[in-house]
Every structure is written in C-alpha cells, then in structure tokens.
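Below: one structure in structure tokens.
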Amino acid sequence: MGMRLIAVRSTAVALVGGGALFLVVAVLLRSVDREVLPTLAALFRNGFGDRLGLTETLVRMTPLLLCAMAAALPAKAGLFNIGGEGQLYAGAMAASGVALYAPFVPGVLVLPAMTLAAGLAGAAWGAIPGWLRGRWGVNEVLIGLMLNYVAIFLVQHLVHGPWKDPGALGWPYTARFAPDAVLPTVGTTNLHPGLLVGVAGCVLLWALLRSTAWGFSLRIIERSPRTARYLKLPLAGHLMASLAAGAVFAALAGFGEASVVQGRLRPGLSPGYGYAGFLIAWLAGNHFLWMLPVAFLVAGLYSGADALQITAGLPSATVDVFMGLVFITALWLRASRVRAGE
Amino acid sequence: MSETFLWEPFLIAVLAGAIRSGTPVAFAAIGETIAERAGVINLGLEGIMLVGAMTAVALKVETGSSLLAVAGAMLAASLMALAHAYFVVVRGANQIVSGLALTILGGGLSGFLGRPYVGVRFDGLGPLRDAGGGSHGWGSILSGQDALVFAAMVAAAGSWAVLRRTRLGLAVRAVGEDPEAAYAQGISVRRTRIAAVLVGGSLAGLGGAHLSLAYTQLWAEKMTAGQGWIAVGLVIVSRWSPPWALISAYAFGALTVLHPQLQASGATVSPYLLAMTPYLGAIVALTVTTILLVGRGHAIPAALAKDLQLDQR
Amino acid sequence: MRSIGRRSHYRLPAAIAAVLALLAAACGPTEEGPDVDAQAKLQVGFITVGPTSDYGFNYQHNQGRLALAAAMPDSVSTVLAENVPETADVERVMQRMISEGNQLIFATSYGYLDSALRVAAKNPGVTFMHCLGTEQAPNLGTYSANLWEPAYIAGAVAAMTRPDNVRFGFVGAHPIPPIFWILNAFTLGAQSVDPAATVDTVFTNSWNDPAAETEAVNSLAATGVAGVYVLVDSPIAGVQAAERRGILALAHHADLSSFAPKGWVTGAEWGWAKLYQDVARSVIDGTWESRHISGGFREGYAALAPFGPAVSAEARAQAAELQGRMAHGELDVFAGPITDSKGTLRVPEGSALTIEQILAFDWVVQGVRGVN
C-alpha cells in the first residue's frame, strides 16, 4: 500500500475509534440525564480551559510523567516495568525517613538528602526485578507487581506503627514535615520542581538514547538478546541498570507527593500513578518526547473528568469509566500484525 | 484477661473463615490459572471481579433470583474478558495494557452503574445449614458454607481434571508452552486462548458474585479491595495448578481471618506485615523455581514468558 | 509482517483529535451553572471521603446537608462532592468549589485537614469547617459531636436486652480517640447495668473494607458475644453479618435498623442537621468565629438511633430517662471512679474527664479486651 493510502486508512480508523468512544460516552451520559456536548465541553474546560484547571493539570502531570519515564526507560531494553507504584512508595518512604528521622542533617541540605535517599531507594526497588531478570531470567512483570504490594503494606506498617505521629493522637499518619523538607512550589499552587525534572529528563533521555552507544546497546538488547550476547554486551547489567534508572524517576514522584502534596507520609499517597504512567508510556510509544504532550493530555482528562463531579454533579466513578474507555479505544486503534502461527 | 485459650473453637472458626473468605479470590485464581496456562495474562481481574459483584447484586435486587444473579455476573465478566481476549489474541495488543485498561474500566463501570444499589438490602446467598452465633463443631466448617463455596472446590477439581486428562486441557497447555508446535498439530491457538481467557474471566466474575451476594451481602464501590491482584500472585505461588490455587486462596483467607480472630481472642500482631506474606511468598516461589529450572525447563508457561517479553505494540 | 511506520500514522489523527477537543472546550456551549441567583444565597460546599449511600459516616453528613438545604431554602444553596480521596484531589475540589462561588466549605473527613489548612490560607475570604480536626486557622474552624452520650445509653440498653450474656463485641476501624470515646462510653454504659459487662474489640485497620468487617463480626460471634457495636465508615456489612449470626446489632453514625430487622438495638447518630444550620446562620449573620464546636444531646448535635423490636419497653423508658438527664447536664458519662484496662485508677470518684482529656483518649476502660 502506498503511504498516502496508509495515512488515509489510519485516519479513518482513528475517526471510527473516536466516534465509537464518543458514542459510548454519550450513551452513558444520557443514561444519567446529562447533556452530552455541554458536559464534554465542561470536561475540557475544567482540565485545560481556565487557570485553576491548567495548574491542576500540571500538578497532576508531574507524577504521571515521572512514572511514565519509569516505564519507558526499561522498555527501551525490552523490559516491562509495572513496579512503578512500589518504586514511587519506596521513594516516598526514603524521603520521609530523612525528613522525619535525620535531625542531624543541616536545614539547607535536607531537600538534597531527601532527593538522594529517594533516588537510592527507588533504584534499589527497581534493581530487584531488574537483577532477577538480568541474571536469572525471572519474569520482571510478576516480581514488579508483587513488590508494589510489599511497598504499599510497608508504608501502612510504618505509618500505623513505628512512624506514627505521637501528636496525631493515634490517627495513622506520620508527623508533618518541617518546612525544610517541603519542596518549593510556584506561588500558591502545588507545582514543584518535579515537573522540570521530568521535562528535562525526557529531553535528555531522548537525546542520549538516540545518540549514545548506551542507547544503541539497549535497542539491540530489546530487538535481539542473542545478538547482544554475541556482541558481548553486559546483558544482565544493562537490564538491571535500565530498570533501576527508570525506577529513580518513579521514586522522585513519590518524594514529590509526600513532600509537597501531603506534607507527610501516609498510605494512599498514589491513586495508581505507577500504572497510569505505564499506560501513558505505552500510549506515547515509549518515546520520550511524545510522552510530554501525552502525559499532559491524560492529566488534563483526569482533572477535567474529576471536576465534573462538582460542575456537573456526576458520580466520582465517571473518571474511571472515561479513562478506561479512552485506553480501550487507544488499544483498538493500535492495529497490529497478525500473530505468527494462526 | 486471663481466660484459657480455647484451641478448638479458635481453629474451627479460623478454618471456616478461611474457606469462606478465600472463595472469591480462589475463583479468580483458578480462572487466571487457566488463562495463563494458555499463555495469556489477564491483569484486569480486579475490574472483572467488581463488574461481577455489581451485576450479581443488581440482578438479585431487580429479579430476586440468585440463579439469574450468578449467571448474569458470569456473563458480564465474560464480556469484559472477551474484550481482553480480542485485543490480545486477535489484535496482538500488549497484554499488560489491555488488562490495566480493563481494571480501570471495570472499576469505573461497576461504580457508575452500581450507584442505585449501594445501601440496598437484599436476601443474599445463605449457608447450606444456618449458622447462628456461638461456636460449632468441626462439621460446621463445611456445612456452614454457601453453595458457591462448593462451586469453587468443584471448579478447582474440574479444571485440574480437564487440564490433565482431556484433549482440551492438553490443547490449552500446548498453546501455553509452544504455540507454534500446537499450531502445527492442528490446534487453533487463537480459539483456544480466547476460550481460556473467557473461562478465566467468568470464574473471576463468579468470585466477585460470591463476595457481594454471599459473603458480605451488599454492594459497595471498589469492594474487592485488591483481591483481583492477589489472585495474580496466588497463581504464581500455586505454580499454575488449580487445586493448589484453591489451597493457597484458603491460606490467604486464613491470613485475613487470623487477624480479627487473634484480636478477638486477645492477641495483637501487625496486620500489614501479615498481609505482605502472600506477595513475598510469590516472589520467593517464582525466583526459586526460575533459578532452579535454569536451562532445564520453564518456571512459568513458556508462551506466557515469551509474550510478556515480546514488545507488542 | 509489520506495517511501515505504524507508530507514526496513528499519532497524527490522535493529535488532530486532541486539537479538535481543545477547540471544542474553548468554543463549546456552556452548561447551566449550579445556581443562577447565587448572589442572594450563601453557597455551601460539602466534601465527603466516601459515598453518601453508605448508611454511615458520609451518609449522615449528606443528611445534614439535605436538612440544611430544606430548612433554609431561601438563604442557602448546597453542593456535594463525594468519594474525594485524601490526596491532591481534595485541594483541587475545594479550589473548584470556591471558584464556583461557594463561601462555606465543610471538609468532613479528618484526612482533609492539611489540605483544608492550605486552601484556607490561600482563600482568606472563605470559611472552612473541618470535622474532627484538632487545629484551627483564622478562617478554619473544627467541629464534632459528643456521641459518647448516646453510645453510653446504647451500652446500657444492650445490657438490658441480653441480661443473661453481657459479653459484647466492638468492631472499629482504627485505634484512635474518636473510636475510643465510643468504645469506652459503650462499655461504661453496659457496666452501669451490669458491672460484669465486657467488650471484646477487633480493629479492621480500614475505614471501609466490607470483607474485613464481615469477618470481624463473624470472629466475635464465634466467641459467643451477645451483640456487636460496629464503628466503621459504613456499618452495613457488620450489621448484616451480626443479623446473619443471630446476635444483637448496634451501629454508629446512622439508623441501620432496616439491615437487621430482628437484632437491631440502637446506636449513636450524628446530629449534623442542627450543627450545619447553626454554622450557616452564623456565617450569614457574620457572627462566625474560628473555634471547635461540639455538643451532645443538649445542643441537639447527638441523637440516639430508633430502637429495634428486641428492646423492651422498660429499656426504652430507662434510655429516655438517661437521655433527659444528659440533656440537662445531670449525668456525665466519664464521671469517676473509672479504672483503665491495666488496673490504674484514671478518674477518681467525684471528678470527671475534661473535654480535652476525652478528645485525647488513648486508653480504654476496664472490661475492654483486645486493645493494648
């Protein structure tokens, strides 16, 4: 087929997919007596249309982008990192530990120390499935998934037990972080440097991956591990390093949430950012530059749909329905090859 | 508190509770075992269980028939599993993405459509022999359970028998170990996988139905509280064997009932460290078996490993 | 056989779609705002952490909101956001409510406190009320209700209903002061009828986990308790489990008698309707002050749930008498002598716990088991 025909066909497919999505959303909205077009317009306006919405979208984009990076970097080596959630919590725990229990750190060094701690914790959490996969071939998807829950329960244990705030009268939270341990924010918003780190990181990684030997090695490993071994590339090392490096970003997202958004360590820090990040990375084709607008768009959709509860009185489950449908549509749009052997 | 600790009623209560509370996750784990044996991982279990739970309650409230409620739950769950099967098997999409998308969608749909049924009373699925308060004898461990609990045991035994002894089961396993060889043998890889995923999904829906219809007898948003994910872990721990999936589900159930039982009898232990054990167990089990089998075999169904590592776009 | 440049040729259409969507947002038809004549009325926003159909904590807040809207329809309009988790979302919800014109915000879950304080600092012209909070700000007050009063009566009624077996169970979410108030009051109330009464406690460590609550009640029933008091966000699961086991059911927050037709006794209910109206009026009048508001039967902020069929006429009369005495300040639930579960005398005869001590409750009275 000629390129133009492919383009026409794929546009048609996209329109059909988008149309089907619109239809399903319309049916659901009508089933609860809502006007379709005004509600959808409100959704987009809530997410992108006014200053409050835009700021909130950017705030939400920060952990989503960082977790997407956590999934995309290992993907370059052919690994699936769905352990982002656990890596996020690992970073949050480490940063909180420094904030609460390292009084010997001078005020100005607290934030750098927290960053370092979060990065190391995330790298460690990601290195476990990375190393197990690189050295023994243990499936990193399953290990990562299980480690997510270990991290979540560890946070709960700490917060209900050894790290519980003695001044909070038994409520399961840690003490509030001192101002030294809170990241600086833009004006009165919750926007913190994490977004810059994410954006800069994406650009940097994109550049590094396409122009360095390291990036090239990862591509070889992904396409053909056998070739990689033939070329004597340190397979296990690269696999572990890519997962660990990706995990650092998720951990920084956790640090940001604990420090800025919550101001303490508590369970439920992440409403599934790790998994959402994985989906965003996939949507962007694991391409670090495309990840920026995709993360922005997804963050805006989440924020906008969420705000529909107040502006349109819709139930809170609407967000998940909408986002689930968006991802299903994206799945459908990804026409793919016929599998071998059918 | 200086009462003598009575072992017998404690054990009876724990065993009965373990079976009762482990049944929803047992269904999901047995179903997922079948799907994964055929080489497809379904991470949408959480959403599918929720859809099953909500559908069961909705149908029970609207029609009053437990049979319809259970059947409807299985049907709704199969539809979601069908979506997963279509995307993954027919279109070659990324299994993880498809599963995650279904988890999100299932959670949302069940919450959205289930709103009218929150806080609504209905007559749930009761035990075969009425329990009442106080302790009972050893027989009550089984007689105090509802019909679906026994259905789970049948499902475990039946799946094992089918996988081990029948041609269909052989086809499923073949497709999961070496799809190309299976295809060469004339087995339709596609159809077998779709069927396996459908069965897995409908069992997960049945698990959700048990949770809402029999165990708690109510519907609440996100009521599965992660049991769909636990099922994925249990499949690993049980080494892709349906009877072991059932046993490990009961063990998980024992963990969950152990905590309140210990509290009710006066002891205290960190519930979160306890809760971690199934996941740590899965990690250890998978790591150890993979290492032990290096070069000699597969720790997980081969096609599953290959598909998860193949970057499918 | 991979198609050529497969990735790129779905991005372009997706990008076009995104741009179209944004254009639609900018030029799309606007929808009806929440209240057209907003200027005249005080707009009040309510935020709950769970669904308002839970027949429990969130349900009662919504009932209070509905009562407020019904009692002051000309001066007040309300809006509700439910299922808002205690994360960045709640700040956004609060900000969104403020931008929609709400001037009084009720943040009904304890975990909203940090966010509420932050948003309050950024919006000095808006009044915030936080439920069960422990600190205030110039424009943020806190509120709760003295539900230990009805809990005490519930304990007494329960003991009167099963005089042969005064072992009770208590299912709570977390070992925190608001739960200890109720646990201790319930126990003291049961002991006022029969000093041998005991309460076995199980904590589910979650505000909302129907399976865990069901299992907790099952465990308690298996040890032979006469009834359970369920204190989680939504008591439905626990109350139904109690009914299935044939034991008495008591619950916190709201009236759950419909879930336990045979075994329902009573429970402690929040009287938010009165409190919300008092607060709204004070904001409208300009007399609102930042402080902690609380009260019991006397102020109308606490109520006893309707009795179930198992409760005798004598018990009802006794309960009414106790309620009357409390409303007139003649009966103090936490008056001495009170000994804790470890045997220490905490409240000597002739004195009573102060409000501060009650709010900071971190011990349990003698007769409570399962808490260390």
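Order of writing sets the chain letters: A, B and C. Residues in each chain are counted from 1.
Keep in mind that, in the parts below, a contact is a pair of C-beta atoms (placed from the backbone, for glycine too) under 8 Å apart; a residue touches a chain by one contact, two chains touch by 3 or more.
Please read these numbers as outputs of a predicted model, since none were measured by experiment.
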* **Separation of chain C from chain A in steps, with touching chains one step apart** => 1
* A-B compared against B-C, more contacting pairs -> A-B
* **Distance between the centres, which are taken as Cα means, of chain C and chain B, whole angstrom** => 33
* Would you mind pulling out the distance in Å between where the CA atoms of chain A average out and where those of chain B do? => 27
* Structure fact -> Multi-partner residues in chain C (2 or more other chains touched) are 6-7, 83, 205
* **Residue list for chain A, restricted to those that touch at least two other chains** => 156, 160, 285, 315-317, 334-338
* **Of all residues in chain B, the ones touching two or more other chains** => 115, 221, 272, 313
* Structure fact -> chain C contacts chain B in the complex at 6-7, 51, 53-55, 59, 83, 169, 200-206, 208-216, 218-225, 234, 236-237, 240-241, 244-247, 258-259, 369-370, 372
* Structure fact -> Interface with chain A, chain C side, in the complex: residues 1-7, 9-14, 16-18, 21-22, 24-26, 28-31, 34, 45, 79, 81-89, 91-93, 95-97, 99-100, 110-111, 114, 122, 134, 174-177, 180, 205, 359-360, 362
* **chain B contact footprint on chain A (complex, rising order)** => 28, 75, 78, 80, 82, 132, 136-139, 141-143, 145-147, 149-150, 153-154, 156-157, 160-161, 222, 275, 278-279, 282, 285, 315-325, 327-328, 331-332, 334-342
* Asked: Where on chain B does chain A make contact in their complex?
  -> 41, 43, 47, 83, 87, 89, 91-94, 96-98, 100-112, 115, 179-180, 183, 188-190, 221, 226, 229, 232-233, 236, 270, 272-273, 275-276, 279-280, 282-283, 286-287, 290-291, 294, 299-300, 305, 308-309, 311-313
* Footprint of chain C on chain A - complex, ascending -> 3, 6-7, 10-11, 13-15, 18, 35, 37-50, 52, 56, 59-60, 156, 160, 168-173, 176, 188, 190, 257, 261-264, 266, 268-269, 271, 285, 287, 290, 293, 297, 303, 306-307, 309-313, 315-317, 333-338
